[in-house]
Structure formats: structure tokens, C-alpha cells
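What follows is one structure encoded as C-alpha cells, with my remarks underneath.
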Amino acid sequence: MTELGVVRRNIHRADRASVDKLAHFGVATVHEAMGRVGLMQPYMRPIYAGAQVSGAAVTVLLHPGDNWMMHVVAEQIEPGDVVVAAITAECTDGYFGDLLATSFKARGARALIIDAGVRDVKTLTEMGFPVWSKCISAKGTVKATLGSVNIPIVCAGALVNPGDAIVADDDGVVVVPRAWAEKTVAAAAAREASEGDKRAKLASGVLGLDMYKMREPLERAGLRYID
Amino acid sequence: MTELGVVRRNIHRADRASVDKLAHFGVATVHEAMGRVGLMQPYMRPIYAGAQVSGAAVTVLLHPGDNWMMHVVAEQIEPGDVVVAAITAECTDGYFGDLLATSFKARGARALIIDAGVRDVKTLTEMGFPVWSKCISAKGTVKATLGSVNIPIVCAGALVNPGDAIVADDDGVVVVPRAWAEKTVAAAAAREASEGDKRAKLASGVLGLDMYKMREPLERAGLRYID
Amino acid sequence: MTELGVVRRNIHRADRASVDKLAHFGVATVHEAMGRVGLMQPYMRPIYAGAQVSGAAVTVLLHPGDNWMMHVVAEQIEPGDVVVAAITAECTDGYFGDLLATSFKARGARALIIDAGVRDVKTLTEMGFPVWSKCISAKGTVKATLGSVNIPIVCAGALVNPGDAIVADDDGVVVVPRAWAEKTVAAAAAREASEGDKRAKLASGVLGLDMYKMREPLERAGLRYID
Amino acid sequence: MTELGVVRRNIHRADRASVDKLAHFGVATVHEAMGRVGLMQPYMRPIYAGAQVSGAAVTVLLHPGDNWMMHVVAEQIEPGDVVVAAITAECTDGYFGDLLATSFKARGARALIIDAGVRDVKTLTEMGFPVWSKCISAKGTVKATLGSVNIPIVCAGALVNPGDAIVADDDGVVVVPRAWAEKTVAAAAAREASEGDKRAKLASGVLGLDMYKMREPLERAGLRYID
Amino acid sequence: MTELGVVRRNIHRADRASVDKLAHFGVATVHEAMGRVGLMQPYMRPIYAGAQVSGAAVTVLLHPGDNWMMHVVAEQIEPGDVVVAAITAECTDGYFGDLLATSFKARGARALIIDAGVRDVKTLTEMGFPVWSKCISAKGTVKATLGSVNIPIVCAGALVNPGDAIVADDDGVVVVPRAWAEKTVAAAAAREASEGDKRAKLASGVLGLDMYKMREPLERAGLRYID
Amino acid sequence: MTELGVVRRNIHRADRASVDKLAHFGVATVHEAMGRVGLMQPYMRPIYAGAQVSGAAVTVLLHPGDNWMMHVVAEQIEPGDVVVAAITAECTDGYFGDLLATSFKARGARALIIDAGVRDVKTLTEMGFPVWSKCISAKGTVKATLGSVNIPIVCAGALVNPGDAIVADDDGVVVVPRAWAEKTVAAAAAREASEGDKRAKLASGVLGLDMYKMREPLERAGLRYID
């Protein structure tokens, strides 16, 4: 639950080394390594293809049509952070453009994840500042109402606590709770290691049916082949 | 309100020089310069990234599943125009493809804005004829029912009068009323001029909080910092 | 109607030569050649631009959140096939990623069409394995419930029988019934032949109004020109 | 196009007698009588079934998440008016509840049409104050930013000028331009008169095919009957 | 796949006695009895609560914005039929109102299922003629383009062949293939018989965990209880 | 963040007396009393109008298309509880019908809040067991995969911890954190007390502009009246 008008300055970020390693694995592998939880909804899409990042979450909660707190959160960014922004109600306005991106980048932010709209996407793409958002919209916002910074938020269906690890790529966005960062790295690495061998087998024509030994359980479940 | 079965041949286009200058500023800046009005809804997306155009609006109103009036509007295009198409009810059919694009281009049209679907997008991309649309759909249409050309229409939530200036880029589409074109150029230029300095400051690490002098109003509004 | 837990091994594929020719024409032309039927809904989008494929349909019906049958269908793929996947209820989970794509490709599949989500899209793009899907989602699935393979399915609003020809490109996906493949090739070729001449005329500035002799029927329908 | 921060006090309302007669005919008949134009999009739904109203439009444009102007528009209501509210961007917040309804009703308003959310719907239903809205939402709003009153607005895809006639019932909402109110009453009355006879014939088993003499045009269009 | 411009006059309807019995069981039970297949998508909603019907399907395929074929299908209705209407592309227009309902009712139709809009819903409710539709819309249609009657169609994601049994209630719409009608009645009756006993047990406080003997399989699957 | 396959048996419920009092105020008042936070998204709608309930949250997380955990959560219900169900990905299946409702009711549950579909709504309405859901769907589910009970979940955009207070009525659903229940009752009571007087003033024709003393701040913000 949220309290409005509050900025928390000291947050505990997930272990930096673990956070940094997570980008390598990508969203799908990290999500599987965590036990298939933590994903944001699939409407969250990158403004350009190919970016793959991880970082510690700095969170911000804003009002519909009001981006005042984006300037407040900028001050709380540390190098390697990812800003995660939620709105108190559904909104498609363009909360973020090239000026804010310049500021966020200067502070060391690696990306913005926002459950609303973003604009100046051509410039953001040229700057190489990636954003995952609900939509692209040039709609401007006002600066009139307080929200909060570094409180727990729900963004695109996922709970995000300040300091959690965020991983984002072309497949979407996943949240790794702060306390899980290290063990998730380990689980993702194990998963990745096992995939190389599987990939080679499948590429050679071996079927998943045989590699995963599915034929017997499928038959037991009642699968019938007909000609 | 609309009358069906009418083609207006003589329309007053926004001042050509002003219209042409608007493309440079882009949608977000023009929308802000106008006082944050005139945007089409964010579901209007370009079929390829990177196009940035402006032009005088030639409008057409069509029926669901019927693109007959696309051929009628083609004759009313003058070089530098942008065709804006609305449908009398929600429709996702593909009203426009490479043959019509060839015709529109030959007439001097710079783009199509359509609150429905478009097809042959690969060829349109190769031709460099940009389209902003609700969706991409190969669904063909019939030619059986009259609509109108160069009447006021509502396209994607925005009122468009024939001759209004249209600006479109990766951020969406904005409509500048004919009488506002010149002053909008001036306001956009002023806005752009002020942004260069701001961008430099933000890039150097100055915070928006300080540059915009927000700390005092935020405190007055009740913002509390906690550790 | 569908029976669950069945895999049909022997299906009659549309004539291979005809199927292969269909890719050349593209979705819009094939759909028109068939009499404007057979299209999947426009929410089906390619994961990367530029792919244009055709193939014989191998069909699979799956449960929400369960991709077990993807491994079963892999065994039924023959070179030149396109796998078409439907879910028994609306679902956005990521049923398919790079491992399955490796397996499908090794079996000779040309593409996947799926009325759900897909993941590992960066790798799939690098592999050049095209997918048309409802969305992109990293959400993993379980392997617990039987579906069926090579039964008639409804995918994105279109009926697909095993062995039908599938054509997919940047405009979407169209289904050509097995028995119609040859005559559709002929009709599409005729259509394409007539378009070259039309394109040249339109490019030279001839209006569709004149080329298609629309002025008289428009006048008869009551179209009025005003100044 | 809109100017923000303006309240127009003197508007010309459509002829009161005509406006009042329109409610009787209902939305579908009025829309047909006008030539099939003027409808708001079908997502606009009444909060309770059975209300059927007409009135002169008093318009208000608001910002996302901000209902300040609802209090400003209240003062401009005259008995027999219908308030029509648009938002400058997509928003689902609850802009209106039982207190504002009490005020609107005291001023003589007959209904609210709002392209956003409404709350306290149980009380509004008990009060008999009908609202057509995009959704129902308890989400509260702030009072911080100016909009405008009695300017032309686009509401749910329809252009509404202050003083236009509004008709709303279980089928949706239609806008009759001020200058068309009288002739629309006449056309709707003519249409209704002709329907009684048709209804009786159809009820007796006569087919529309014969009553409307469609058999010959259908055959000419190529319709084939097979057994 | 569909051929346009065709009316099939002689169709084989599912066994009338079986069709009539299906209404009693309702959609959820019939769908379960068939093995959890055959449902239309959940956006199909009744225009009023409480109707529960079954009938043999008479099918019609229409174009966006064109309801001409509704008059053609009327002639093919036999007492006890349910008309099922699909559109060749997404459309929300109001294809059906009180005049057509009067005609359909006079022919003996029990309901309309339409993957588009319907209007005059207040009158239809008073007449007691139930409709399941995608939306309610007053938008009128034209009569200009041929579709087909009594061909296989896809309606709201479900394949419907002429003569199939249709069951519709407050939970939605399900399609029972003609050949399955009798055995589905038997399976639904068996299912219903077993439910009475279960309901009594659950009402007395017995848990499903015990009644369905789920504790052991849950434990085997790894469920852990913590305090 | 969530761990799958866990059932927490001992949870701390919000103070019962406070929880029970919250139903009286309704969702809009409670949401305002909390500072405008805690609402679920507006797509959550009651299956019948008029229900107004509160209770302590018992939470359950399920997989797409799998309702196994509904039986597990039933055992954890205490009289006065409201079950809140989330799915690990978007899903519209019908997870809950009259048999489960019978069981939940026997256990003392007051309502179900589910971010998915529900079925047997006619029977549920007759039983007087209210459900707030994303949709109504007859689609059956399987029982194959573990979820969890009484862990923190995100339901329709809102974070719900086991034991939180839930309030639901025709305006939607709001979550009151366990620790806030008592003070929210107090704040809601204060708010309600002040509304009676306001309602009387507004009913007598006093404007909100005067009652809330808005004229001066509006003028200061730049509002201009024109004639």
C-alpha cells in the first residue's frame, strides 16, 4: 500500500554484481529461473529492438497526466539504476521525453520502465536510452500533484520494491526481489548451461519428445495417434 | 457534423511556408507549443520508423469496409498535402495499398493518416510513402457507398478541418488548426530555442529540480523526504 | 469441432508446387484472389519485418498456459510446413522460444503462426525463424494437459484444416483451403499481371476515377461536387 | 480546436421544442434520420438500463485525473441541458459522483455524457440521474488544472458544439447539430410513421425480401440459391 | 473456407429433440459434457439477463457495415432455429434491430448470435427476443454487398456449421456439432445428476479437497503447508 | 514476490469490527479516506448490481486455465472472509461456478474477487453470492498445477496481502492494508459526516464553486469568462 508525498532517500539495492549479471541471461531465462513469476504484463514493449539491460529499481508513483515526480526521482538515481514508474490509474500520457532522458542518463540510469506513455522516441533511440512502456504518446503532462518515490509500487501487474533487480529485453520486463538476486543468478546460469546441450541435440533432429522422455507420460495421459 | 455524398473542391489550406516548417519541430514540440491540444489518440502508429512529415489536410470520410472515396479524394490532392481518413464506425479493414499509394504520390501527397487499416506495408516502406494507421490489415474493401471529401471529420479522437496543418512522426499525429499555423511555428521555435540550453545543463548533471526551481513548490505542496 | 488427445499422422497437404508459389504473391493479393476471405485477424503480427512465407499447415490445439503439445506437433512436421497453433481459450503466455524453434527448423518448418505469445524473439530473429503471434511474452508454460495435433482449428478467427496452405507476410496471415491452392495461384497471377499496367498509369498521374471508370457510377450514386 | 482556460457563458442552444421531441424517437431512429452520422462510439454505455433523454449540450474539457472544471460547468447549466465531458487524453478516472449529481440535478441537468469514468453509480441510479460513460471507476481526481467550458469538443469520437442536441438511450448517444434539430425531428417522425406498417407486415410473416423488393437486386448482384 | 454469394436452402439440422433438451443444461454444463470445447469467446454477451435458449444454427456471413444478408437469412429460418451471424472483418455496427427481430420471431427464430453490434435493445428486451452480441450500437448499415447463408462460419472464435446445435445463456454461447447433439445430451444429463449430490455435500461443509480426494495428489505435487 | 506451492495457514486478519464497518461506507468513500490509493482496475465488475460487502482477504494465486488451488483455498476460509484470486498471466477462463460457490458459502466467505472469469452467474445471483471479476466465461479449467494460498498477490493492479480488508460494491473493489483498517474507518466516517451537509447545500442550488470557495483559485490560475 502506498503513502503519497514521500521520498525515501536510503534504499537497499540488490547486490550490484548479481544485478549486473542478470542482464546477460535475459528475461525469459531469469523468469524461468525464479519459478515462473515476476513478469510484467506483455503490453510493456521496448521503444526500440535489441536493448537488454538490468539494474536496481528506483520507483516512482505518479498521478494521471502529471509528471512532476519524474524530476524528484531523478535526484534519487544512482549509476546502474533502472527507474520504474507506475500511475495511480490507467493513463497513456507521454510522461518522459528527451530532456528527462538526458537528465536520467547523466545520473547514471540505464533505462526507464513506465506503465504509461513516452515521447521523443526517435531521439531516445538515437541517444541509446531504452524505455519499456505501455504506449508511445506525445501527450504532455502537468506538474501539479505529489506522488511518491521509492515506495513499493505495482507496475504492469508486477510488485516492485525499491532496490529490486529489474531485467528487460525484447521479451519484456521481469522483477527479481532484492533478496533473490544472487540465487537467481545461480539458477539462471545452471539453466543456461543445460540449454546449450539441448540446443545441439534439437538442431541435429532429436525430438523434444525423446530428449525430455515425454512419450510415456503422454501415453499415460491418454494421447492417441491415428492415421 | 457531416453531410454524406459531398466533395468540396476549394479549400483554404494553412499557409504553406508555415506548414512546411512544422515538420522540423516534430509532434511533441508542436503539441506543447499549441497548449497541449490537437493530438490524435496514441493507437495511431507509423508503418515504419523515422518518417517526419507535415502537410495541409485533405479529408475523407468513408464507410466501414468501403474504400470508394479513396479514389475520389485522390483527385483533390495538391502537392504538399496529407490525406486524413476517418470511417463512420470502427473498422480495421485495409483501405489503402500500393496502387493507391502510387496514385497519391503522383498527385504530390506526403502521407496518409487513417483511422483504420492499411496493407502492402512492405511495398509502401520501399516506396517511402509513410502511413499512420490504427492497424495493418490485408482485408480488402468494396466500392459501393458514398462518403464525403473535404468536410470536417473526427479522426482518432481529433477534429480535422480541411486545410488544417498535420504533423506526424514516431510520436504520433497532431492537428494544427489552419488559423494557428503561423503562431504555432513561432511558439515551437521559441520552445526549441530554450531546450538546447536546458539539455546542456541536464547533461552536465544539473537536476530539473534546481533548473526549474521546483524544490520550494514541492515543499509547499507537502513533499517529505525520509531516510 | 475438436476432439482432445488425438494426433493425426497422415494428412493431405495442399499441392506443394502451388503452396510454394503462393509466397511470392503475398497475403493481400492471395486474399483478394480468393474472393476476400480467409484472413486471420489483424492482431496477428510478425516478430520481425520482411519475412514472406508459405507452407502447408500442420495444426495444434493447446490449453491455456500449457505447451506440451508443441513437442508432439514437432514430430509431425515435414519440410515446407508451417505450424499453426490455437489455444482453447484466450491466452498470452509465451508458448514457443529458441529451443523449440531449433527443433522446428531442424524438422523443416518454415514458420509458426500462434494465437498466443512467443518469447526469445531476439534469438528467433537472429535464427531467421519467423513467427506471427498475438503478442510477445516471456511467460513460461507447463506441460500437463493434452491437446490435439492435425485437427481442424480456429486460429485468430480463421478456420484452418491440416494441409491447408498458409501465406504470411508483413500484412498478416491468410489461409488457403487445400482444394483451392492451385486455382488461387492462377487467380493471384492474373491479378498481379494486371496490376503492373495499373501501377504505371497511376504513377503517371492517371486517376483511379478514370482508370476504373468510376465517375459515372459515382454520379449515379448521387455524389455532388461543390466549390 | 480548443483553447484552454476559457468559459463561454452565452451559447445558442438548439430549439428547445425540437430538442425535447428528439428523446421520444430514440438514438437509432435519430441517427438514421440524420443520414447515419453523429454517433458516439459504442463503448459509451448507460450506468442503468431504461433511461431515454434529450437535451442541449453544455460542454466541458478536462485533464486526465482532474475534475476541477466539473464545478465550473455546473454554473453554466440551464434546465433541460445535458452536460457532455471530454478529457484531453484517455482516462478512466471517476470524475463524477453523487455530490456533483445533486448539484447538476439542482441546476436542471438531465444527464451527463462523459468519455471517462463515473462513481457512486448505485446512488445515481436511486436518484434517477442517468450517465453514459466509458467505464465505472471509484478513482478520485484532483482539482489543479484548468480546462474549458462551452468550447467545441470531441467526445467518444463525435464532435459536439455547445448547444447541439444530444439524444441518449440504451443504444448509445447521438449528437444532432444545433441547426439540424428541427429537420431531424421531421425526418425522424416520418421514419417512425413508416415503421408501424412495416412492423405489422413483418409480424404477419411477410419477408423483408418481398416488402423491400430485394429479390431482383440480389439476383442481379449474383446471389445463387443451392439445395 | 467460404464462398460468397451463396444461399444453401437444405441443411441437415441436429436432432430436434436433442437440441431442445440442451437449453435445460445451460452453457457451462454442455461445454464440460463435450470435453471443454466449442465455446465462443467471452466478449459475446446477452442484451438482457436470464435468457437460456437452444436451437439449430442457421448461419449468415456479412460484410462490415452491410446487413443485406440479414433479410436473405430470414427466409431460411425454421421454427426452433437460432441465427448465427459472422462478419468478414471486425465490425461493431448495429446490424439488427426491432424490425428484423419482428421478422425473425415471426419465422420462428429463438435468438440471434452475432459477432458485431445490435440496436433497439430496449424494444428487443420488451419483445423477449434474446441476442448475444459483441456490443450494442445504434450505427446503421447499408445493403450493397453479397454475403452467404448456411455456409460454415467462424463466429467469435468458434466454428459453426449450419444445423449445429447452439446453446446460449448468461454464461455465453456454445456450439454443439450436429453429430454430437444426442451424446452431448446424455453426457450433460449424467454430469447434472452427479452434481446434485456434490452440491449437498459441499453445502454441508465437506471440502472439495476431501470429496474429490485431492489431498494426496496435491502432496505428491509438492504442496507445502506452513504456519 | 511469490513462491509457488505454499499454503500459509495462519494469517493476521485486519480487525474484524473495523472490516465489518467498511462495507457501510462503500468503495469510493473508503478509497478517498485512504488518500486515493488501493483501487483495483475498473475492468473488475460485479456479476450482479447492488452487492456491497467487506471482509478480510484470503489470497490465492493460480495458473492460466487451472483452478486446482480454488479447492485448497476453500479450507483456509473463515467466516467473514473474502477470497481474492490472481492468475500468473492474463486469463479469461471460468475458474469458479456454483459448486465452488456452495462450498465457499458454507465456509463463511462473503464474496470472491477474481482477476479472470467466472461462470454459472445466473445461479450465483440466485444464491446471492457476489463475485467481482474480469469477465464471465463458461470455459472450464483443469486441475494439474500448484499455485499458492495466502501469499501477497497483485490482483487487477492492486497489491493484496493476506488479512487486508477488502471492500467491494457497484463502483469496484478497494484494498485497505491490514494496519490501516481502523484509521480508515475513522477517516471514512468523518468524510461521510461532512457530505450530508454538502449534499443539502448543493441540492438547494448552492454551487460547488461557492461552497468550496473555488472562484478565487480559478481566477488566479487564469480562468477567463467570455460572452
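Order of writing sets the chain letters: A, B, C, D, E and F. Residues in each chain are counted from 1.
Note that contacts are C-beta pairs under 8 Å (C-beta built on N, C-alpha and C of every residue); 3 or more make two chains touch, one makes a residue touch a chain.
As the structure is a computational prediction, the values presented were derived from the model and not from experiment.
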(request) Give the chains in contact with both chain D and chain E, ordered by label. (result) B, F
(request) With over half of the numbers shared counting as same, classify the chain A/chain F interface as same or different. (result) same
(message) If over half the contact pairs have to be identical by residue number, which pair among A-F, B-C or C-F is the repeat of D-E?
(response) B-C
(request) Please work out the Cα centroid separation of chain B and chain E, and write it as a whole number of Å. (result) 42
(request) Compute the distance, rounded to whole Å, between the mean C-alpha positions of chain D and chain F. (result) 31
(message) Quick check: what residues of chain D touch more than one other chain, meaning two or more?
(response) 36, 39, 42, 88-90, 92, 137, 139, 145
(request) By the touch definition up top, name every chain pair that qualifies. (result) A-B, A-C, A-D, A-F, B-C, B-D, B-E, C-E, C-F, D-E, D-F, E-F
(request) Could you pull out which chain C residues touch chain B in their complex? (result) 26-28, 31-32, 36, 39, 42-43, 45, 49-50, 52, 169-172, 174, 195, 198-199, 202-205, 207-209, 212, 214, 218, 221-227
(request) Write out the stretch or stretches of chain B touching chain E in their complex. (result) 63-66, 88-93, 137, 139, 142, 144-145
(request) Would you tell me which residues of chain A are touching chain F in their complex? (result) 1-4, 34-39, 41-42, 88-90, 152, 154, 157-159, 175-177, 180
(request) Could you pull out which chain E residues touch chain D in their complex? (result) 5-10, 68, 70-72, 74-75, 92, 94, 97-100, 102-103, 105-107, 117, 119-122, 125, 135-140, 143, 145-146
